[in-house]
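Before I ask anything, here is the structure I am working with.
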Amino acid sequence: MNDFIYLSDLFGTIVFAISGALAAGRLRMDPFGVLVLAGVTAVGGGTVRDAVLGATPVFWITDTTYVWLICLTAAAMMLLVRCPRKLSGRWFQVADAFGLAVFTVIGAQKALSYGAEPVIAVMMGTMTGVLGGLIRDVLCREVPLVLRTEIYATACIVGGIVYTGCLSLELAQIPAMVLAMIATLTLRLVAIFYHLSLPAFALDSDNKR
Amino acid sequence: MNDFIYLSDLFGTIVFAISGALAAGRLRMDPFGVLVLAGVTAVGGGTVRDAVLGATPVFWITDTTYVWLICLTAAAMMLLVRCPRKLSGRWFQVADAFGLAVFTVIGAQKALSYGAEPVIAVMMGTMTGVLGGLIRDVLCREVPLVLRTEIYATACIVGGIVYTGCLSLELAQIPAMVLAMIATLTLRLVAIFYHLSLPAFALDSDNKR
Amino acid sequence: MNDFIYLSDLFGTIVFAISGALAAGRLRMDPFGVLVLAGVTAVGGGTVRDAVLGATPVFWITDTTYVWLICLTAAAMMLLVRCPRKLSGRWFQVADAFGLAVFTVIGAQKALSYGAEPVIAVMMGTMTGVLGGLIRDVLCREVPLVLRTEIYATACIVGGIVYTGCLSLELAQIPAMVLAMIATLTLRLVAIFYHLSLPAFALDSDNKR
C-alpha cells in the first residue's frame, strides 16, 4: 500500500479509537471496556469486510500495528482525558471525516483486489467506514446513529462510486483514491457545517391510525 | 441450483428485505438505515452461515443479484409505501413463511455441500432462516422476537430435520427440498393461523423470592 | 489436543451454556431462545476467533460434540431448573471462572498455531473467554457486564500474557497452559471473593457542566 494511504489509515484508526473510548467513558466502563469499544470502532468494519471477503486472517492479525495503536490510544485517553468536550468539537468531527474517507477507499480497494464487482466494492467501502461505529452503538445500547441521521454513510457511498468510477475510466489507483477521499471528505464536511440530513423514511407504527 | 429454488430464494430475499425496511420506517431511519435494515434482514443469516462454513467470499459477493434486489426493494419501499398496515397483514406473513422455508433448505443444503454433519446442516438451515431477523431486532434495540414467541425457528428446525432425513433415506435433492419446504411452511402457517407458541422457560429473576 | 484440556473445554462449554440458558429464562424466552442463548454464550467467542483467523469451518462444525452438549444442557435446564438461585451462587461462579481460564488458553493456543504474534494470541484468548457472554448480553439488551465491572476480561489478558510468556521462555505447551489457567483462575477467584474491580473511566456526558 502507498505510504500516504497507510499513514492515513493509521490516523483514521486512532481517531475512530478515540471516538470509541469516549463512548465507553460516557457509560463509565472499566479499562477493558474502553479497550473493546476503541477496538471495535476502529477495526470492526474492516474485520467484517475481511471475514465476508475471505481475506483471513484479517488485516490486524497480519499487521499488529493496528492493535498496538488501539491499546496506546485507549491508554492515553484514560490517563489524559478528563474533559471530553475538548475532544468532541468541530476539529474532531473533521478528523473523523478524514478517517471515514480513507477507510472507505481502502475498503473499496480491498474488495476489488479480491475480484469483487464495483457494487460490492462500494458496499465494502461503506461497511469499512461505518460498521465499527454501528457496533459501538449497539454495544452502548443505542439505535445506531448512522442509521438515523446526517449524511454519513451517504458520503461513503458517494466516495465508493467515485473510486470505482475513476478506475473504470482507467485512472491510476492512487489518483482515484485521492479523488474519492476528497469527494467523501467534502460531502461529509458540508453535511457537518450545514447540518444536512437526508429525509427520514417515517412510518406510523402499526397500532396508530 | 435448481431454477425453482433459485427464484424462490430471490423471492424470499425481497420479502425479508421488505420486513427490514418496515422496521427501519417504524424507527424513522434515513435511506441508508432503510438499506442496511433491508440488507441485514435479507442476507444476514446466509452471511454468517457462509463465514462460519468458510464459504468465502460469501454468496452475495459472488452473485450480485441479491444486492441489487435489496437496493431496489428498499428504494421501492421508500417511494411507494406510506401505509405499512397493508404490508403487515396475513398475506405478508404467508410470504414471510415461504421465504423462511426456502432459506432453511438452502442453508441446510449449503452446509451439507461443505461436508457438515446433519445436525450442523439443521443448525445452518435455521441460522439462514432466522438470524437476519434477529440482527434486525438487535439493531432496532429490541429483544429479538424470534427468541421469545411463536413457532418460527421451530419450523426451521423441523424443516432441516425433514431435509436431512429425506436425504439419508436416499431421496433425491430436489424432492427432499420440496418436502422440507412444505413441512416448514405448513408448520409455520398453522402457528400463524392458530396462534401457537411453545411454552416459555420462565425463571424468576434472582432478586425475587 | 491434550485430554485434560479437551475435557476442561467441554466442561467450560456446559458452564457457559448454563449461564446463557439462565439469562434466557430470566427474559422468559421460548425453547429456541434458550438454545440460542446457551449456544452463543458457549461458542460465540470461539466462533468469532475462528472466523477472523480463517480457521474455517469453525471448531463446532468439525467436532459436533459441542453442539450436542449445548442442546443437552439447554434441554436439561428447561426440564430440571425451576429455582435459578441454586445455580447462581458462589460455586457456579467458580465453575465459570474455570471455564474462562480454559477458554483463554485454548484461544491463545489456536491463534499461535495459525502463526499469529503473541499480542494477537492474548487478544484471541480474551475474545474466546468473554465474547460469548458479551453477545448474550447484547441479545438480552443489556450493556455488556464485562465492559463495566469486575476483573473478568483482565483475568483473561493476564492468562494470555502468562501463556505466551511461558512459551517464549521455552516452556512446553501443556505446563504453560496449566500455569496460564492457574493465573487466570486465581485472579478471577480473588476478584470474586474480594469484590475487586478496576477503576472505571468515567466521563461526564457532553451535555452536563
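To keep things simple, chains are lettered A, B and C as they appear, and every chain counts its residues starting from 1.
FYI, contacts are C-beta pairs under 8 Å (C-beta built on N, C-alpha and C of every residue); 3 or more make two chains touch, one makes a residue touch a chain.
These are the chains along with the protein names UniProt gives them: A, B, C = Trimeric intracellular cation channel family protein.
Here the structure is a predicted model, which is why all the values come from computation and not from measurement.
Taken as a contact graph, the chains are fully connected, with every chain touching every other chain. Think of subunit A turning onto subunit B: fitted on CA atoms, that turn is 120 degrees, to the nearest 5. Centre-to-centre spacing of subunit A and subunit C amounts to 29 Å, using the average Cα coordinate of each chain. Multi-chain contact residues, meaning those touching two or more other chains, occur in subunit A at positions 51, 54, 56, 138, 141. Contact residues of subunit B toward subunit A in the complex are 21-22, 24-34, 36-37, 47, 50-51, 54, 56-58, 60-61, 64, 67-68, 77-78, 81-82, 84-85, 88, 138-141.
Per the touch definition, subunit C reaches subunit A in the complex via residues 51-54, 56, 111, 114-117, 119-120, 123, 134, 138, 141-144, 146-150, 152-154, 157, 197-206.
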